[in-house]
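Each of the two complexes below includes chain A, the first together with chain B, the second together with chain C.
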Partner chain A sequence: MTGAFPLIRLLDKGAVVFLVLLGAFAIAIPVLNLLVPSSSALHVSTYLVALFGKYLCYALLALSIDLIWGYAGILSLGHGAFFALGGYAMGMYLMRQIGTRGVYANPILPDFMVFLNWPELPVYWYGFDYFAYAALMVLLVPGALAFVFGWFAFRSRVTGVYLSIITQALTYALLLGFFRNNFGFGGNNGLTDFKDILGFNVQAETTRNALLVTSCIALAFGFLICRAIVTSKFGKVLVAIRDAESRTRFLGYRVEAYKLFVFTLSACMAGVAGALYVPQVGIINPSEFAPGNSIEAVIWVAVGGRGTLTGAVLGAFVVNYAKTYFTSGILAPYWLFMLGGLFIGTTLLMPRGIIGTYNHWRANRSEKKVAAAPVASPSAAE
Partner chain B sequence: MRSFHDRMVALVCALGFVLAAAAMAHADPYEDALAGFTEGSLSDTGDAINKIAASGNPLAAQLLQAAEDARLMFSAAQKKVFIKTQDDKLLDAATGKEFTGPPPDDIDTVIVNNRLRGIIDAVIGSLTLMSPNTSQRFDAAQAVFKSRQASALPALDKALAAERDPRVKKAMNEARAAIVLTDETSGAADKIAAITVIRDRGDQDSLGLLDGLPANLPPNVHAAVRAASAKIQSTLAIWNSVQNAWYGLSLGSVLLLAAIGLAITFGVMGVINMAHGEMVMLGAYTTFVVQDLIRTYNPALFDYSLVIAVPLAFLVAGGAGVVIERTIIRFLYGRPLETLLATWGLSLILQQVVRTIFGPTNKDVGNPSWMSGAFDLGGITITYNRMWIIVFTMVVFVTLLAMLRFTRLGLEMRAVTQNRAMAAAMGIRTARIDALTFGLGSGIAGMAGVALSQIDNVSPNLGQGYIIDSFMVVVFGGVGNLWGTLVGAFTLGIANKFLEPYAGAVLGKIAILIFIILFIQKRPRGMFALKGRAVEA
Partner chain C sequence: MTDIPLEKQTTSALLYLDGISVSFDGFKALNELSFVVEPGEMRAIIGPNGAGKTTMMDVITGKTRPDSGDVYFQEGAYDLSKLDETQIALLGIGRKFQKPTVFEMHTVEDNLLLALENDRDVAATLLWRSSLPQEKRIDEVLDTIRLKGVRSRVAGSLSHGQKQWLEIGMLLAQEPKLLLVDEPVAGMTDVETMQTAELLKEINQSKTVVVVEHDMAFVRELGVKVTCLHEGAVLAEGSIDQVSQNERVVEVYLGR
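== the complex of A and B ==
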């Protein structure tokens, strides 16, 4: 029993449904794109493959935000910074892979450095021609920044809106920094014109499908990690911190250590999401650091249902699909009204989000007293 | 050129008396010099310029200006020089009359290079030294100071003797000193006297002049140059600091104006209003509308447009604030993170509303006459708009402080801040106070928008640029304390401006943000934190 019990706890019905759906998605999309002829009604265009791949990365970012906001009560308005840092690490690898195929055909220096008359490759670009090193940096750079930032912030008990504001300041500072040409990351234009990833052409259909499947695997893996955390005793302490931080501290838990761990882990997840995002959209530039992006990611979580994990993924898909749909047509001028309305409507009318509301409704209907998933209570936010 | 002249003289002798008058005209130094322009070589052109300047002919200034603007033409075949006017008419340079008839086939522009342009500037300067217009004489003296052409010395001495205006006289003396100093033939005593004059001028140009002197000067002159240079540098450094402090005060007042409303909503009510920047924007657009109406109906009132706009902006933004509080924010009390998200959504909507009504482009908001221009105070330049904004900020701040301290509404606001439950028990209608407080904070943001419309682009994104800075000010200064906001705004403003010369504007800003991030770790509730039970409430 002891062997099977954690697994059952880890994979409740909702989690299984989610993983099965994700697996079906990972298989169906490449099949429909590569094997079904383009004349068929069932064919999925390569544009859609790239679009869904992008959504999957957003979903992983939303998951990382849900882990800290939904379960530990840390509202980070700067998670886009970790996402973008992961993206830049991957972008640097992709830049180095261009080699002599750039406009200036310099085997060492990326085009923008040749353009700006850089004599040699800066030290912090060393090693990015190796994928393994870049992959390590994808985890390490956001993780290290989150660790240092969290170390200071949580130890001095910066909480609630103060934390939100300084995380926003953090991403704003990075935005300003990355806009500078002499920072060595391509300035305003960022990194783009990628050719290869691991020897495969990033534009090729097969590569795009492979990236989509990789994103699905990363999302599933991230989901399992989050589930493992929130269903463990560690997760219960996190919820206790969210609902009554002082009380948890007085009970003898080292609140800052718990928060620091989960914050750093979440930043690493966001970094991975960014790293998968960059080869699929083909560009990374400083606008990814814009504070607005980070806040938008938070609203995905709120729409889907804070503190439900699956809700974060659902929210990322729903909001981004709506964004794609509305910003491309004649309704484009009204998208910001809708997005703004979504922010207000969700917080005022549906604070539990889609999944949370559904769980609540089902729990009421079956009159079970067991609280299935830890549902975010509106008053918990501190 | 010389041979041409000789041949001309010979021809005159041959033709006898009849043509003597024409020959006299050719012997005139002005017309003589004109021939130099027809040679097409830079050195001949240079000689010609100096001769033209020395000729004293009333056409000289016009001709030289034309040469500098590449409007001076010549024909090598006809040995004629033409001035092309701004409206493309050809004047005969010798007579100044319009040249009728077809232009010569080989007409070409007289080429001047940068060296010649320098000479032209200098000689034009010396030509206008005797101008009856004071400011023209002053500019001429400045031009001579910059060019330091030794050839201008006689003209300068003549002008100096006749000069009555003390300001122009000083400028001429400085110009004279600059020439003496750079002229190798002048004596050591003259040079040391000149150094004193230059030192007393004490600006960046003087420093450049002293530093640019050759190293092979006599030892005593060299020492004087070094001493004067050091003196100027220290004076300049002080004025530079004063100027930076002034810029910092100006930036600080802008920050204070933007943040002060936030300090009220955040401090008194604990509400994070991400749409605060949009209240500023509403104020700026109110100014635009007011100016637009005035332009259409009564342009004479334009100078009063800001005075009219300030109360209107307060009402518009304040009214919007009350509506927002009643419809959204009051349902979210006690849930600050949700408030933050909802008000962010609101800011998106407000931006889009303004974009839909007024369009996405920048709107042109004008400066009334009393807001434009600048004046010099010692070694710094003060622009009127910045000065009035500082004054306005101070007036708003003091008024607000007095309002909180001495009025019934202020008393009730403070009561609600300190202990909401107790205030309610004493019969204060806290919900009404909440709405009015939020309206007050928003209204002040609207007034800030009027001021910001004078120095920033009025666009739907106006507020976005200030929101993060405003939050930084409030968090840095300490929540719920207006004095903290004041000190925070000016500290950040001045620190920003002092960092800029060393780190650049962007890095300076990053440094400030990092500083605040670290500062919050040390003092999580800001510089002037509330103490006691209110902290955890």
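== the complex of A and C ==
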């Protein structure tokens, strides 16, 4: 009984629907790509597989933002930084896998280092030829940065718009740093021309499908972790902090410890999203640190519905699909206006986002049903 | 916590304030304020606007640091001026704010659950499971604050008076040694005011309570020792009749 209870709490109806849909997606896309002949109308092109894989990574990033913004009220406008750092860690692994197949055929140094006349591999590139080490760094580097940043920010009780501004500054500072050649990450070209991942060709159809499935699994895991957190008592404390921070403090909770934990966890999730993103798009460069990217990710969450988790995923898919659709047509020059309009429209007309509005509508409907059923007069209650 | 001189522990008071001064940009909010609250006592604090009532609460709960003076808790065992809000809350001082602040998005039950005396660190809340004694305690508190019928309603949908009670209930669930209650009946109907007085008297049977209030009828109903503050210092102290007959009190408080 007590063992079953947390599981029921974890998987409410919305969560089950979400996981089933995600599972169906993870099976259907590879089947339609690999097994259905390309002459068939049902065939999904490899281009679409890569595109959906990219969306899944964005969805995981959105999920990580929803966890801190939707539940703890921490509006990070620099979450793209953690995404990009995870991406760079994966990119460094992929660079080391190129080996002698680079333009300069140097077995150790990536092409850009040869080009810059670097005599040897910088120390911080050591170990990235091992996948396990790189995977660890994918979690550790964003996590450590978030921990240090959060430790200072939350202890000093930086909240609200001030916190948002310094997160912007954080990602902007990293953008400037990674642009520099002597930083050792390929300057403004970033890392690209990847060949293999774990011995498989990154361009191959099967690898692309495997990456898509892996992204689905990562998203499902991320979702379950978030669900476990927001349905626990810890999650209730987070919402309490979001709605009345000083009250929570006067109840005896260490608000900064709660924020630090969830912020660091969220950064690790963003790092994983970035790491899965890089092999699927084939490049990582400093533009991923651009403040605009982080703001866009916040828009996905707002459109889908903050504080709903599933909304973040839906928002990432809807907005990015719209972006792909509109930026490839004649409306391309107007995309940024549409994005801005979407954000303003959501804020003004649908502040709860898609899923939030739906939940609210359903809650209202069931409340009306309850109110209509009993005979008790409502006027007596007040 | 350990650097408090031993002689301070000679006080028998639960709460001991001596010569507290706080100034904001030259304005003296508290001016050499001193008073003590004995264990098990209920004390009403009155005073006109700007008398320093809320600042005093802020000093006790660690929100504001005093410029000078001593604040001791539990027979001088703890120097509150050196602790922060969380540490003070964990020592057993619960505070109800002037404006009712409950967690609006949580249900009444969850509000109490969050307040319930429990391990409050991150790992403990992540792994928390509900237990029978805790549920029983929530039921008891719901009975005390008369909100059993609305336990699963979202706190934001409660009436003003119900929110005030819920906040008092949250204080109770914290199992504090000392309750600081700031204007509990502001905005309440007469009936609710009297019910609140009953509630506080009930709570006082097991806990020490300090109530800040403007409403004279309410203070009279409580029937406890009254301290009148004025310009950051104690002006008069005694029973409500004694204090309200004091000429200076009448002058500053009931209108000059």
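Please note the rule applied: the second predicted complex is superposed on the first by the 367 of 382 C-alpha atoms of A that agree within 3 Å, B and C clash if a C-alpha of one lies under 4 Å from a C-alpha of the other, contacts with A are read in each partner's own complex, and residues count from 1 in each chain.
One rule holds in what follows: contacts are C-beta pairs under 8 Å (C-beta built on N, C-alpha and C of every residue); 3 or more make two chains touch, one makes a residue touch a chain.
It should be emphasised that the depicted structure is a prediction, and the values quoted were computed from it without experimental measurement.
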| item | value |
| --- | --- |
| Which partner reaches more residues of chain A (counting touched residues only), chain B or chain C | B |
| Touching partner for A:Ser40 - first (chain B), second (chain C), both, neither | neither |
| Partner chain(s) touched by A:Ile229 [first = chain B, second = chain C, both, neither] | second |
| Touched partner set for A:Val239, first chain B, second chain C, both or neither | second |
| Chain B versus chain C as contact partner of A:Gly341, first or second or both or neither | first |
| Touching partner for A:Arg254 - first (chain B), second (chain C), both, neither | second |
| Touching both chain B and chain C, residues of chain A | 382 |
| For the chain A and chain C complex, residues of the former touching the latter | 2, 5-6, 229, 232-234, 236-237, 239-240, 243-244, 246-255, 257-258, 261, 382 |
| Residue numbers on chain C that touch chain A, as the complex places them | 61, 63, 85-86, 89-90, 94-95, 97, 101-106, 110, 113-115, 120-122, 125-129, 159, 170, 174 |
| Chain A contact footprint on chain B (complex, rising order) | 272, 328, 331-332, 334-342, 344-349, 351-352, 355-356, 468, 471-472, 475, 506-507, 509-510, 513-514, 516-518, 520-522, 524 |
| Partner chain B, residues of chain A touching it in the complex | 75, 77, 149, 152-153, 155-158, 160-162, 164-166, 168-170, 172-173, 176-177, 179-180, 291, 295, 298-299, 302, 333-334, 336-337, 339-344, 346-348, 351, 378-379, 381-382 |
